[in-house]
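Each structure below appears as structure tokens.
Both of the next two complexes hold chain A, though its partner changes from chain B to chain C.
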Partner chain A sequence: MNVLEQIQTALNEVAVGAEGRELTNELNLSDLGIDSIKYVELLVRIEELCDITFDESDLGMESLRNIGDLTALIEKTLSQQVG
Partner chain B sequence: MSLWRVLEQSLRAHGHQPALTRPDGTCMDYAELLERVETLSAKLGAFIPAGSRVAVVDEHPFQEAIQVLALIALEVTVVPLAYKYGEQRCIQIIQHTRPDFLCSSTSSLVSEAILEACRAAGTVPAIGAEPPSGAPQGAGASDGSPAEMPASFIMYTSGSTGKPKGAVLTHANVLANIEDIRTYFEVGPDDHILINRSLSHASVMTGEFLYGLIYGARVTFYTESFVPRRLLSFMETNGVTIFCSTPTIFYQMALDRSDYRAPTLRKVALMGEYLHKQVSLKINERFPHVEFFMVYGQTEASPRVTYLPSRYFTVKESCIGTTLPSMEFRIVDENGHDVVRGEPGELLVRGPNIFWGYWDQPELTTVKLRDGWLHTGDMVCQGEDRYLYISGRKDDMIIRAGMNIYPREIEDVLLADERVREAIVFGVADPKYGQKLHVCAVPYVEGGLTPADVLDICKKKLATYQYPDAVDIVQQIPRNAAGKIMRRQVTV
Partner chain C sequence: MSNKNIVENVPRYYETYVNDCFATAYGAVLAHKGFNPNIILADYLSFMFDPKTEYYGTTYMYRFSTSVAFTEAELNTSLEFAYFPQTTYFSERKDVGAVTKHKDRIHFNLYIDDDAEVAARRIEQLVDSQVPVATVVDLYYMSYHRAYQNEHGLHAVVITGYDNENQEYHLFDKYLLSSSDFDGVLPMQAIREGRLSDVPRNNPIIGEYRRPIRHLWMEFDADPDFRVTDEKIFALLRESYLRMSGQKGVFDYITGIKAIEGLRQSVLGYKEKPGDQAAAAYFKEYHNTCLKRVARSRQRFAVFIREVADKLPQESVDILLENLQEAGKRWDIISNIALKFAITKAHRMLDDMDRNLLALIEAESKVIEQLELCTKTTV
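Showing the complex of A and B:
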């Protein structure tokens, strides 16, 4: 599964109406009804699905606003943990 | 002694102890805090007369806290506006409370829409403690305020009719509750309290902010959005010792994949929602050095009513413990008669912390407050151990992540949309949220409504905590023989 598919899987579990919705980089998490509690649940689920641990300095709703931000963070974390 | 006198004594007595953390992370001591508060109250007192109602909104809770203290010193009624819950909510509160003044240290949050609401309500904006210019005639001399209403807080909470209601908590109510909290949850000058919720919640105002300052602790507001790993890291870096939170928040912290253990943390009070057994076990396992308390309350009780001592934290499921020392309780059936011990009934409580009434809603006050007894709406029974066990609600209120939600608030918004023929909202037990918010909706036209549409409708009119966690589009909603919707029978 690629990164976008992992995000889709996590979103389907956490966000209302995410299933079947096209995930563009510009799509804001708040547009999917992700509040602060769901945001945490989403990050936890992605960590489990991708078997990664995000660096705390990268987390925060202010810096992770949309799907593009999330994809970039997962790819960066994956490359650091492989490296 | 008045609330301000008690606070002032503490602010003087703790002189060079750390008091309040500034937004830049440095800490103001008690002597400086007292000076700031006295200066601000002198400025505000020059144009805010006694008996006024004053709404407060600010960008940072640090500034909001200083404004609140200055207004307590002036012995006026404080109405905290929770900007975090949206501008619409602030406007609703201004319209309902009709404050005489709106205080903010900055103009940044006072939008044109808020100014318009102020104009309509006769509220005079006072930005940066500057005397307002061109105040409308009559403003500043509290209109319609019942003459006998003492200096208070008006704390807004969700209403079963779909509109928020303002609980009037007098300074004496709050002080009585603080004295009761002291009997089981001691804090002192060596403590550092971290607050991550808004001062518009009675539990934060009474049980964290004012309580902490009265007993000489350091108080820090955490303003970042909640990410467990970052919050734990902040606690470790800053030596936080006391934290009050919902089980939802603390459970997420216990589940975090990091190695943080918050070693300086010594006491945690959990409140606001049902504590599932698996949650208490997990929390205790991750933070074995912390003394946990489960506390129960309602805004109308200023807010604490009962507490469960820490030794029973993981042992007694659904137990809310015993009432605070100055309180009495009864458990009554639907006819108002006391039940036999062990039988379930509605919890009624009485004591010096019980609120004065709802602002401008005498009918509602009569329903909730009778002969001094607060009708909590919570169904409990008393066990053989004499502790109280909670079994549910008398009404349909849902508690999601510590926030009270009345289904009708959401149903009314959905039904106002032309695509929605019927809608029902209900809670489903969930260890991570306490209860999750489910919506079943019937469209007028088959295929004319999706779960994403339902979310979009909610986003336009509701606060984020009222957004659904799950949506089902159905053809029919179950009803009983009388045609009444059976909310509790709806399952997904």
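Showing the complex of A and C:
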């Protein structure tokens, strides 16, 4: 699965109604019903799916607004942990 | 009775990641009265911890409350520029609007009344007098919010007008932090239901509970001679220093770094306990929420310091802002790790919380040093 597919899988489990939504970079997480609590739940699920650990400073929702931000964070974390 | 009236030009006050919904609503009404909310609503820098219950708070203890009515003592531990009389039943009030004591403070009057007509009529009187009204509703009845018909929650909004002909209230809710961004009209019936709600809640720690709103609203009165003085600004700094250095408690609770150390030991104590559902519930429902409140209090104090920076030594201002920002960030990170612990139940999260608590103790110790300097120096 690529990163976007992993996000979709995690979203389907965490956010009711996210299934079937087309994920674009501009799609806001808040429009998917993701609040600060669901956000951490989403990141924990992505950590499990991608076998990565996010930096603790990335757990806050403030810096991430949309799917594009989330994709960039996952790719950054993946590259750091592979490197 | 008038048919329609609107208060124009009420500032849509909001400070990102700083205030709760109450302060956001208060700020709009205070700004409309010509006061600077960033100073009037500045609360003391503080932290308190109760080792018996393991509850904590900043200027008041964070607990699951079942009422909106508080005593005078409970209400007056936070703000240097405000005085809260005890919550008053409006129909039994005396001297509405009279500032008879504490003339150096703006009076924040909290009113309740179980009679919907009395509460509605008071809103009309205030709006007719060109006064916007901060009032409390249950989000369950607010059609603009994602909690609508889904989740109950106490929330403060600002009513700026009414239209009896169309049975509508004009209001705004700019608490953007919880996805509130409304500025328009709503049916009076929705507001009536929202103000009368019992706000039924359920959480794993205390079970089912209710917190009836009883039409709670706030009125703000100031003596004509009220001014923000340097004396009061330094009193706020001094009280913050005394609390954070542990020299002055709030009620019987220990405060300051010693209290943060108490919280740290409490968190580490969970390493000896199983990461069960009860622990998970406590970290999700209590720690996650309350630690975020502490984080915001540090950002709020930084906003106050910026407002009064010209009265303080520049070097102290720089150190204060740097370390308040650092402390706020750490409290926020700990809050998120607490939630992660609740989800994963992994004990290594407790070590992560501990590491961040130690880092913020270092940052807040630097803040205390500068507060002591500031209270001894004037520019």
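The working rule: the second predicted complex is superposed on the first by the 83 of 83 C-alpha atoms of A that agree within 3 Å, B and C clash if a C-alpha of one lies under 4 Å from a C-alpha of the other, contacts with A are read in each partner's own complex, and residues count from 1 in each chain.
Here is the rule we go by: contacts are C-beta pairs under 8 Å (C-beta built on N, C-alpha and C of every residue); 3 or more make two chains touch, one makes a residue touch a chain.
Note that the coordinates shown come from a computational prediction; the quantities given were computed from them, not determined experimentally.
Contact with chain B, but none with chain C, is seen for A:V16 once the two complexes are overlaid on the shared chain.
Once the two complexes are laid over each other on the shared chain, residue contacts for A:G33 go to chain B and to chain C alike.
Put simply, more of the residues of chain A are touched by B, taking chain B and chain C as the two choices. Within chain A, the residues touching chain B in one complex and chain C in the other are 33, 35-37, 40-41, 44, 56, 59-60, 62.
On the chain A side of its complex with chain B, the touching residues are 16-18, 21, 32-33, 35-41, 43-44, 47, 53-54, 56, 59-62.
The touching residues of chain A, counted against chain C in their complex, run 30, 33, 35-37, 40-41, 44, 56-57, 59-60, 62.
The touching residues of chain C, when paired with chain A in their complex, are 17, 146, 178-179, 284, 288, 292, 329, 332-333, 336-337, 339-340, 343-344, 352, 356. On the chain B side of its complex with chain A, the touching residues are 224-230, 233, 248, 252, 255-258, 401, 432-433, 450-455, 458-459, 464-465, 467-471.
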